[in-house]
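Think of it as A, B, C and D in the order they're written, each chain with its own count starting at 1.
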Amino acid sequence: MRVGVLTGGGDCPGLNAVIRAIVRKGVQEYGYDFTGFRDGWRGPLEGVTVPLSIPVVRGILPRGGTILGSSRTNPFDAEYAGQGVRRIRDSLATYGIDSLITIGGEDTLGVAATLSDEYGIPCVGVPKTIDNDLSGTDYTFGFDTAVGIATEAIDRLHTTAESHMRVLVVEVMGRHAGWIALHSGLAGGANVILIPEQRFDTDQVCEWVTSRFRASYAPIVVVAEGAAPATGGMILKDDSRDSFGHVRLSGVGEWLAKEIERRTGKEARTTVLGHVQRGGTPSAFDRWLATRFGLHAIDAVHEGVSGVMVALRGTDIVRLPISEATARLKTVDPALYAEAGVFFG
Amino acid sequence: MRVGVLTGGGDCPGLNAVIRAIVRKGVQEYGYDFTGFRDGWRGPLEGVTVPLSIPVVRGILPRGGTILGSSRTNPFDAEYAGQGVRRIRDSLATYGIDSLITIGGEDTLGVAATLSDEYGIPCVGVPKTIDNDLSGTDYTFGFDTAVGIATEAIDRLHTTAESHMRVLVVEVMGRHAGWIALHSGLAGGANVILIPEQRFDTDQVCEWVTSRFRASYAPIVVVAEGAAPATGGMILKDDSRDSFGHVRLSGVGEWLAKEIERRTGKEARTTVLGHVQRGGTPSAFDRWLATRFGLHAIDAVHEGVSGVMVALRGTDIVRLPISEATARLKTVDPALYAEAGVFFG
Amino acid sequence: MRVGVLTGGGDCPGLNAVIRAIVRKGVQEYGYDFTGFRDGWRGPLEGVTVPLSIPVVRGILPRGGTILGSSRTNPFDAEYAGQGVRRIRDSLATYGIDSLITIGGEDTLGVAATLSDEYGIPCVGVPKTIDNDLSGTDYTFGFDTAVGIATEAIDRLHTTAESHMRVLVVEVMGRHAGWIALHSGLAGGANVILIPEQRFDTDQVCEWVTSRFRASYAPIVVVAEGAAPATGGMILKDDSRDSFGHVRLSGVGEWLAKEIERRTGKEARTTVLGHVQRGGTPSAFDRWLATRFGLHAIDAVHEGVSGVMVALRGTDIVRLPISEATARLKTVDPALYAEAGVFFG
Amino acid sequence: MRVGVLTGGGDCPGLNAVIRAIVRKGVQEYGYDFTGFRDGWRGPLEGVTVPLSIPVVRGILPRGGTILGSSRTNPFDAEYAGQGVRRIRDSLATYGIDSLITIGGEDTLGVAATLSDEYGIPCVGVPKTIDNDLSGTDYTFGFDTAVGIATEAIDRLHTTAESHMRVLVVEVMGRHAGWIALHSGLAGGANVILIPEQRFDTDQVCEWVTSRFRASYAPIVVVAEGAAPATGGMILKDDSRDSFGHVRLSGVGEWLAKEIERRTGKEARTTVLGHVQRGGTPSAFDRWLATRFGLHAIDAVHEGVSGVMVALRGTDIVRLPISEATARLKTVDPALYAEAGVFFG
């Protein structure tokens, strides 16, 4: 029995912990052999592999990123001209792969669901999204690490905001869902939290900012990169070009800081946390979750199931159809967001 | 409406976050007044109070410990000669307290349950135990922080173990339940994890240690302070006395390191993490959980319920009778412990 | 004897530690009284004070920022119409201040030097610059903290760079001096380090980037915010305006990432660390240095000297004329920068 | 030209950074080949080597410990029956080593000095001691990391001490010199700091403890493992044996906590930080220092010198005779210790 493993999509702390757990249990408990495919679906599509064994996975538990590399390659893209599935099937045959464990987000898992459900290729999924926006699982690994990093940054920004009595706008990850903003904003004691799920009223934001200053404190505004104002012409990434012809990038954080300055007359600064949120060693919680996901994924392979992914429910690891988990985005519930409102202003 | 708040038992990162959330929402949303009682049940018993208002709770979110102080004082102890309940009732009357929020572990909550169920004193509970051994809630705040600190220590100990090819035994908290040992051991990549729920076989431990050395790696053994060998005369805290007449303290970590040295001939060292596990700033997860517990506790007060505590189930905060939660210890399930076994040796 | 204390310029981890040490020793050892002036020179100019005593400074050692507030107000600015010195003198008389301890950078200390040397107002200086670019002292507090935060970010970015085999450009603080870039770049294992002291050759940077990829690794480029290319039209902050009329901000990091993409065809991303580098709890080194600076500053006051500042030389705290220290910027020595070159590419 | 490298004595964060810098510059700039010797002097004595090249040292910069292993083996020990030097000479000949870089403390460097000065074997030294007690250098790498870890622990212990109003005694490393205790005690805001250089008066310690409680704060006592009371029968490691015949270990921290309890009636707890202080990733400062030591050590080899070691003086790396640096222990100056006294009590 030989099992293939691949990691797709954006990298995420905990990927290596999943790989290690899969290999460790697969070899020791079930006597399996393993083949790693490089860079997500590119691996089986192009036939690029990496050896995978217990010595290879030693010491990778605390390391961020993925030893298998990652990419956003999709076998159903035009690039593969309808030959994607055939190429994957050929690769699996070439390497003698009996089952494939795919670790990834919506896209990577979506492919796995199709391969399993429509083409009968045995696939087991492990959900991965730093944004925590996959349905069916309470949390995904990487999220806790990202929230921890964002919270630590907010802690640091409080003191610099207070010393100069200025507004600090912190832009965190979250294009479609505000989980990182909500959790880190609450944990960091932010005075305003803005999420993509609910368009914000810039006047209201400015009122919260002003009210905070009235109490002689300096406000911290946490904004998810995907948040947007309810009205008005925010142009996040406009088409003005600089002297080199590069398209200019300007995120909501920068935009909002300028608006706050303009409307309140208070000095405002932006910090865009960016890629530091997704790199580096996973938190203890994420290592634990990733490890358990890996152990349960190889158990699923052992039991011969396909088209399912592992998921966290409370403290249990469960299985559910991949297609169900990828059917819709898990966004922040309005009631949950409202709960945080007591800390605004 | 005036609400009393107290924190009892061992301190735990997140207590201040609970207090802040209770006061913030209680004042802003419900217009309540607050009285803090000092040092757990000692506060209402002796009539020692602390002012509690929004200005008082500003800035305490990231701070460990509890601004209310804590103690293990119990109104049903002989010390109070059966007058404990009367004294509490008098204090509540004196300070005009309509409802009491008690934040604590088994003992503190047990008292609250009795006061509510048997004496009709309105009490709402917030569960607190760094050991995570309270039934009814998936997690308690403080636990994630403790696991994070223990994991970071294990990370550090790996490199020193490898450099000298010696065994490192890490004793972590957990008198009756092995949650911290299990989570930090898994997250830290320990080679042996020993928990109170299952007596260990010292020969088996030595075999795992030896097998790790055979693979040219140095073993890390994580042992909960409450773990004990299946057979043999380990005397954790014997009655030998030193030259000053002090009772000698020797924990299972120190004992085990010596046994490993004696039996395997390999050098072994012990690190007892101790109080650093329960102090300092809470992790982002714990701040989030503690804040939500606080918000839901004051909601419960607002709805006029008593004898209930808030609890985490999945990602929801629920309510359940305190008496139910304190009826039995939540220990590590044998199946969960077995899951970790693939990493031993 | 009453001593005034003020903190000026950008905030910096360690300011509170200096204040605490001054007050602690001043009160306990010398029996002095203290007056804090708010927001740098604005305090004595406008007569805004803060009480300063042992109870006030308790617990501030580990806290970033400054309890006295800060500003860039300068008594010699046109705003004060030549009345700045008189106003300061009046304030000192009003509050009965015998000597003033000024904690700040080039500007703040420059004012102190002038007040002491030209107007006979007793001033002792404590050097502060997160950029470490003040002459006369081996290090200033805050710098080690900033380097530590930048290094941790670089550590995290390595794993995300490797997983996607992309370039990561990290922009760190340092407008005129490359100390933070050099130290964090070396400590973080960066593949290119660019500093303001030496204009960079973008082609050479791209060669290093390409050579790193040839070795199958992903490059990290650390660039000080003040670094600039030797040739070519980089426009750091051009005058194009967005749809709201805001001037567009674009730093060297963003510019460089785009150039690298354009020239090498490799994907590149930028992270601008920004204000997180100057906020939050000081490192142990900075707390130690700041504490010693504070102790020695109050000693200088006690000995009746003026116009001097404390400075670190090796492991000793020495005194030197403020005017000497502020005469020129301490930049990175070319030989030291060359030393790091062996790690480029 | 082939250079041998070995690391001896206790492990220390930064050893790998030194090795990497040596190899990186030696290969790239000077075209040298390298041979690693395993486990300090045991390597050349027993002819045990490790390959050492640029690929081997990639990625080791942030890793604690030493990839070469370490030991306290000494060629002049009786075990080698006077044949130690001959065996080393034979090994160097066998492997074609032209010069040896020895990274270690007093013992390792002492051997290097003798080999160079008396036997004409080319040796260059790199000083290493986590305790910072080597003369001739302002700091050694590893020390800053240890101080950082101890300071973070003290930060955490403050909150748990305050919550329960109990004394916390923290035992840190430092058998003969109190540098770690002094620096971490000052940085952590300890209320008492005890060092080996000056025997302490237990009554005085108890007075400081009591005075702290009078101010309504809980005291933290930082004690170096080598500190001892001026009078009285402290028996650090007495000869009482437990039921297994193991000698009982009891350090000064545990002893002191009991004495404080006995004399002041206040509850006291001990935390012995132990091996966590010397493991794990080095601080940015230590990576910088270790890297520079490595670069300058290979420069020294290149210039053909022997019997010297590199050292930090201010911000410069200098060279000095090894024999000079190992002649005496660098202990805490009484004046420096007195400076800290203002914070006691």
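One rule holds in what follows: a residue touches a chain if its C-beta (ideal position, glycine included) is under 8 Å from a C-beta of that chain, and two chains touch if they have at least 3 such contacts.
Heads up on the chains, UniProt names are A, B, C, D = Pyrophosphate--fructose 6-phosphate 1-phosphotransferase.
What you see is a predicted model, and the numbers here were worked out from it, not measured in a lab.
Between subunit B and subunit C, the least number of touching-chain steps is 2. A count of C-beta contacts for the chain pairs C-D and A-C puts A-C on top. Between the Cα centres of subunit A and subunit D there is a gap of 41 Å. Subunit A and subunit C have Cα centroids lying 34 Å from one another. Centres computed as Cα averages put subunit C at a distance of 31 Å from subunit D. Residues of subunit A in contact with at least two other chains: 152, 155, 281.
By the definition of touch given earlier, these chain pairs are in contact: A-B, A-C, B-D, C-D. In the complex of the two chains, the subunit C residues touching subunit A come out as 10-11, 13, 15, 63-66, 69-71, 149, 152-153, 155-165, 168, 233, 235, 238, 240, 242-244, 246, 248-250, 254-255, 258-259, 262, 269-272, 274-276, 278-281.
Within the complex formed with subunit B, the subunit A residues making contact are 24-25, 28-29, 58, 61-62, 138-139, 144, 147-148, 150-152, 155, 183-184, 186-189, 217, 281, 283-285, 287-288, 291-292, 295, 313-315, 339, 342-343.
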